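Chain nomenclature is as follows: A, B, C and D, assigned in order of appearance, with residue numbering initiated at 1 for each chain independently.
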Amino acid sequence: MSRVAIIGATGYAGAELVRILSGHPETVLTVLTSRQYAGVRFDRVYPAMAGLVDIVCEEYSADRICNEADIVFMALPHQLPMAFVPDIIKHGLKVIDLSADFRFNDAAVYESAYQPHTAKELLKSCVYGLSEIYTDQIRTAQLIGNPGCYPTSVLLPLIPLIKQGLLDPATLVADAKSGVSGAGRSLSQASHYCEVNESFKAYKVAAHRHNPEMDSILSREAQKPVSITFVPHLVPMTRGMLTTIYATPAAALNVQDIVDCYTSFYSRRPFIRLCPSDGQPDTLHVRGTNYCDIGFKLDDRNNRLILISVIDNLVKGAAGQAVQNMNLMMGFDETDGLLHVPLPL
Amino acid sequence: MSRVAIIGATGYAGAELVRILSGHPETVLTVLTSRQYAGVRFDRVYPAMAGLVDIVCEEYSADRICNEADIVFMALPHQLPMAFVPDIIKHGLKVIDLSADFRFNDAAVYESAYQPHTAKELLKSCVYGLSEIYTDQIRTAQLIGNPGCYPTSVLLPLIPLIKQGLLDPATLVADAKSGVSGAGRSLSQASHYCEVNESFKAYKVAAHRHNPEMDSILSREAQKPVSITFVPHLVPMTRGMLTTIYATPAAALNVQDIVDCYTSFYSRRPFIRLCPSDGQPDTLHVRGTNYCDIGFKLDDRNNRLILISVIDNLVKGAAGQAVQNMNLMMGFDETDGLLHVPLPL
Amino acid sequence: MSRVAIIGATGYAGAELVRILSGHPETVLTVLTSRQYAGVRFDRVYPAMAGLVDIVCEEYSADRICNEADIVFMALPHQLPMAFVPDIIKHGLKVIDLSADFRFNDAAVYESAYQPHTAKELLKSCVYGLSEIYTDQIRTAQLIGNPGCYPTSVLLPLIPLIKQGLLDPATLVADAKSGVSGAGRSLSQASHYCEVNESFKAYKVAAHRHNPEMDSILSREAQKPVSITFVPHLVPMTRGMLTTIYATPAAALNVQDIVDCYTSFYSRRPFIRLCPSDGQPDTLHVRGTNYCDIGFKLDDRNNRLILISVIDNLVKGAAGQAVQNMNLMMGFDETDGLLHVPLPL
Amino acid sequence: MSRVAIIGATGYAGAELVRILSGHPETVLTVLTSRQYAGVRFDRVYPAMAGLVDIVCEEYSADRICNEADIVFMALPHQLPMAFVPDIIKHGLKVIDLSADFRFNDAAVYESAYQPHTAKELLKSCVYGLSEIYTDQIRTAQLIGNPGCYPTSVLLPLIPLIKQGLLDPATLVADAKSGVSGAGRSLSQASHYCEVNESFKAYKVAAHRHNPEMDSILSREAQKPVSITFVPHLVPMTRGMLTTIYATPAAALNVQDIVDCYTSFYSRRPFIRLCPSDGQPDTLHVRGTNYCDIGFKLDDRNNRLILISVIDNLVKGAAGQAVQNMNLMMGFDETDGLLHVPLPL
């Protein structure tokens, strides 16, 4: 059994990691850290876990972690991980960071969206953890920058088509809709029940920090500069993310072309499901699971392709993909701990 | 006092008409029809109205209506109104039809999206009731085809810019999100609580019947054929519609150009509110009101304009705009009965 | 026109006062105070009000208020009002306090549930503002302690029966369910969207501060000590409160007895609606209104009476009842500003 | 592997059985029946299950079932099971019926609440499947009447105390609150999204069919006639049931007495969790799981005990308890297939 530490275990992504890993056949949780709840049993913070997890949360200590863990999940806000990770890496542990700190190989791009980077020496070797795309690099990586939820929902449907040059990259628009858990457990007016319920709104319109992340990976896969228009919206629900993508084909494209492209690209990947032609993705179908369901429609009248993806923002968009990456890094079965049957409703 | 009949008063749009008109200073409700609830007091169907409306619902009867009403609101599914309206029009009553039956001057367009039209003789004179755009024609009309909720949310932000030729009409995409009440009171799996709650999904992707309605009005205003890509989505909330529109400017365009365009176009219109530059529309801000709030953002990186509109789909998207049209037709104050102060939450 | 100041205008009860009073025919809003938003226009805090309220929020100043207002609504957390009110009262203004500070004539009861009272001299003359019960005292009062939302929902259905001695006071149980807005606009884990959505729970079980308030009024009306078991619960919705009350009749009681009791007691009161025998109260029926709907059922098998009341916790449970009290104090029509037709859904 | 058939697999309880059993280590699903979806693949009805269940639904056929299954779950509305079950029982299969048809040993009680019973010969041997209470009888039963969701939530907290005579049975009141999925997948106005959202209401006040079921089991355990006042309410959420029970102790009772009673009674039962004294049950803590969490509070002022239980109405209140019963009947581990880690939110 591999020993796992979760740094920032009482945030939503951290707690989701605890949920998933508490059912993982090849790992054992050894350390949960939480600044706010140090000294408190995890299941007193999340009573849903009563009887299932009896670990007491503790303050972060590099020594403790290096002694007690083989694998470390960082579930902290960006800027903190780049302070902690170099030390852990030096001790030979594997690290999966759920923040933005290690998602960019180019420090300049990171710094344009976030702040000065203080661990640049790690940027060359860190791997972007989009499990289905960078599988081989992930297998041999020591440090993973786990993708943002929005980029995951945009990139998984786009990359197969972009890679084959099927779309005109100048025409990309992604209109994304996310449940409220994406904003995390920290208190804010934006997550206050009465401000969200019966409300639908856009935010950070064409100004979200996940936009450079998408552009950077799309450009890499297209092998030329790509810039996408991205608008996120907030949905009055807890979990789930649906992204609708609009693009003009680079050349004539029919339904079968697209089915073929996805089928060959994702044929052996257990967490990508292509919707039947008469069905459409629904966030409810992937709630609590690591699936990404993809549907599409050709708008022939306007020569435009419409792609629709859904994920659970906390699972495939965060903790689930992180565990999938750990499975790849450790040589476990890719689906270990992740075969949750979704609730039918 | 003008006498008003509501045909189909117990559906959601009908009930919303009852709510609004029960507070209207210039009209009195005389006839409410309902097939399902004939013989039942309206406030037994909608107990919220107990003590406020004591009318008993009745079967539809052209005679009754022509004797008892000066103005008729038709709140029925399409196909029924075109069977009833010719008779009512002949008797000289004014009619505002909330279905699609009288939204098109060209029967062929209607028939391509719906079914054969059985009252074509009225299509030449019926007026499309987009209150802020066709104000003058509405004032003198006898028969109004009240706009669909989606077209209202798409056309109000687009027309000022399209009319001035500021946008490239080949680039229009409208990504719309609607509360569940848009699907009406009729039972369906799609409106069943457990299938909607915690669910977000697209439906009728690039295949919604409101698409030809938008195209037809956009083409009229652009004075050339315009076709928009339109994708509706269902939001787990009762009321509200937000539409995000993407378009490429026809020529260089800055923020002030757009502010000026809207300001001059809508300056004296009481129900259009332009959001401040640091704010964004939110369905909660217009819930229960006849407002359409409009915001926008230029995505300079991609030379793309993003427009965002919100309405209450049952008010500005249906019953409220219908009453606004009645006010215009009857020479009442345009805001009569419609100055509901929104709930702050 | 009477001039009105609202102290604490940007909390939920304060904003609801702004909403209601902005449509009141006999008053004009002159001062809105807000510590957090001093210097900000009210409609920038609540964009729903854009175009409807253009007042800039300011810091509290007794001088300003005494110069600019005839009537003052205090919408602050308890403990603050008792510091401010004595000064205002001295200047002859009428005050309606929505906190608990002036709900008790007996300082000891207040102090057992809250903290030391610093304006005891006002407790003799302040009037408990349960509009339908203490109507005459309210008309002539200068200072009103506006009832809590839970006490309002418990007392309105109970008092007519208790007053007539129809119930055994030793058997009273009130099981109350409230929407989340009752917890106010202040941030807290308990009002965080993801902790409330799809969650139902009890809180402060038999330990809520509103319990002594209920007991105190019930005892006054029963003319003997009454103590009720009270358990509040949190419902995943924004507005609305439903309370289910269980009691054993003091003597044989039939349906007609209860109907007669309510009918005679509340016959001329515009905001109390008795449900028909085949209907039941629903929070949706009173949303955004000042109504209290009451239903009941005799459980003959167990000789137990079940009363059910619904109110909108922010309206009849707070701001609406406060305005109703102002109307009584000022000699306005009792319903001025309060005849909102509820949304049918 | 034991072969399992689910009759009525596309209703909510049926689909939940499919979910749970598709992860069960000792069984294999062989037959799923559905009148409405015969001929349709199950995962086309519930696309959440795409890739997980590839069985095609079929019409009910006793022959098929007797050939293909060892265990049968009946997830049909009452009245149908008593027509089908005798035949299946004759063939020696084990049957767990989720309807009310086999919950009563006394036909007269069943008939007073439902309709004439047509398989009375089975009522003597059928066992009431409240897993924690009738464990031994369940182990050896061939036919289980699986408890209703409300009775489960009322009986699990009450029976330990009632059995020890700690409560006065004349004082029992149960105020229950259920999510909407309890009403099933059949369309009805009561489950229509816009009628439920932002609504809270009681229904079937002191007139619910589950009341005789509770009374009958409480009387059995108390060894004297017990009748409880029961009022169910509808909560705007999909899953979850919280029941608040009020009772007067039969004699002086302190906190430790109650803790001891529960601890000894449920000490070895994996699905009962007693809340810590400073915590309270929350439906969110048991969502998607087979747990029943129990909390309590003594209202010393009024000498009244308050018990609070939560379950997921579709799991411990239906499909989960049914699988637990199968595990007992078949000699599997009691928790097989049921150790779902709840989502933290």
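Couple of notes before you dig in:
Please note the rule applied: a contact is a pair of C-beta atoms (placed from the backbone, for glycine too) under 8 Å apart; a residue touches a chain by one contact, two chains touch by 3 or more.
Just so it is clear, the model here is predicted, and its values are computed rather than measured.
Contact with both subunit B and subunit C is made by A, D.
Chain pairs A-D and A-B differ in how many C-beta pairs they share in contact, with the greater number at A-B.
Chain centres here are Cα means. That of subunit A falls 39 Å from that of subunit B. Subunit A and subunit C have Cα centroids lying 46 Å from one another. The distance from the centre of subunit A to the centre of subunit D, with each centre set as the mean of the Cα atoms, comes to 37 Å. In subunit B, 12, 181, 194, 197-198, 236-239, 282, 284, 287, 345 are the positions where the chain touches two or more neighbouring chains simultaneously.
Against subunit B, in their complex, subunit C makes its touches with residues 12, 15-16, 18-19, 22-23, 44, 46-52, 181, 197-198, 238-239, 273, 275-276, 279, 282, 284-288, 293, 339, 341-345.
Contacts from subunit B toward subunit D in the complex involve residues 12, 180-181, 185, 187-189, 191-194, 196-198, 236-238. Those residues of subunit A whose C-beta lies close enough to touch subunit B in the complex are 170, 173, 175, 177, 179, 194-195, 197-203, 205-207, 227-229, 231, 233, 235-240, 242, 244, 246, 280-284, 287, 295, 297-299, 301-302, 304, 306, 308, 310, 345.
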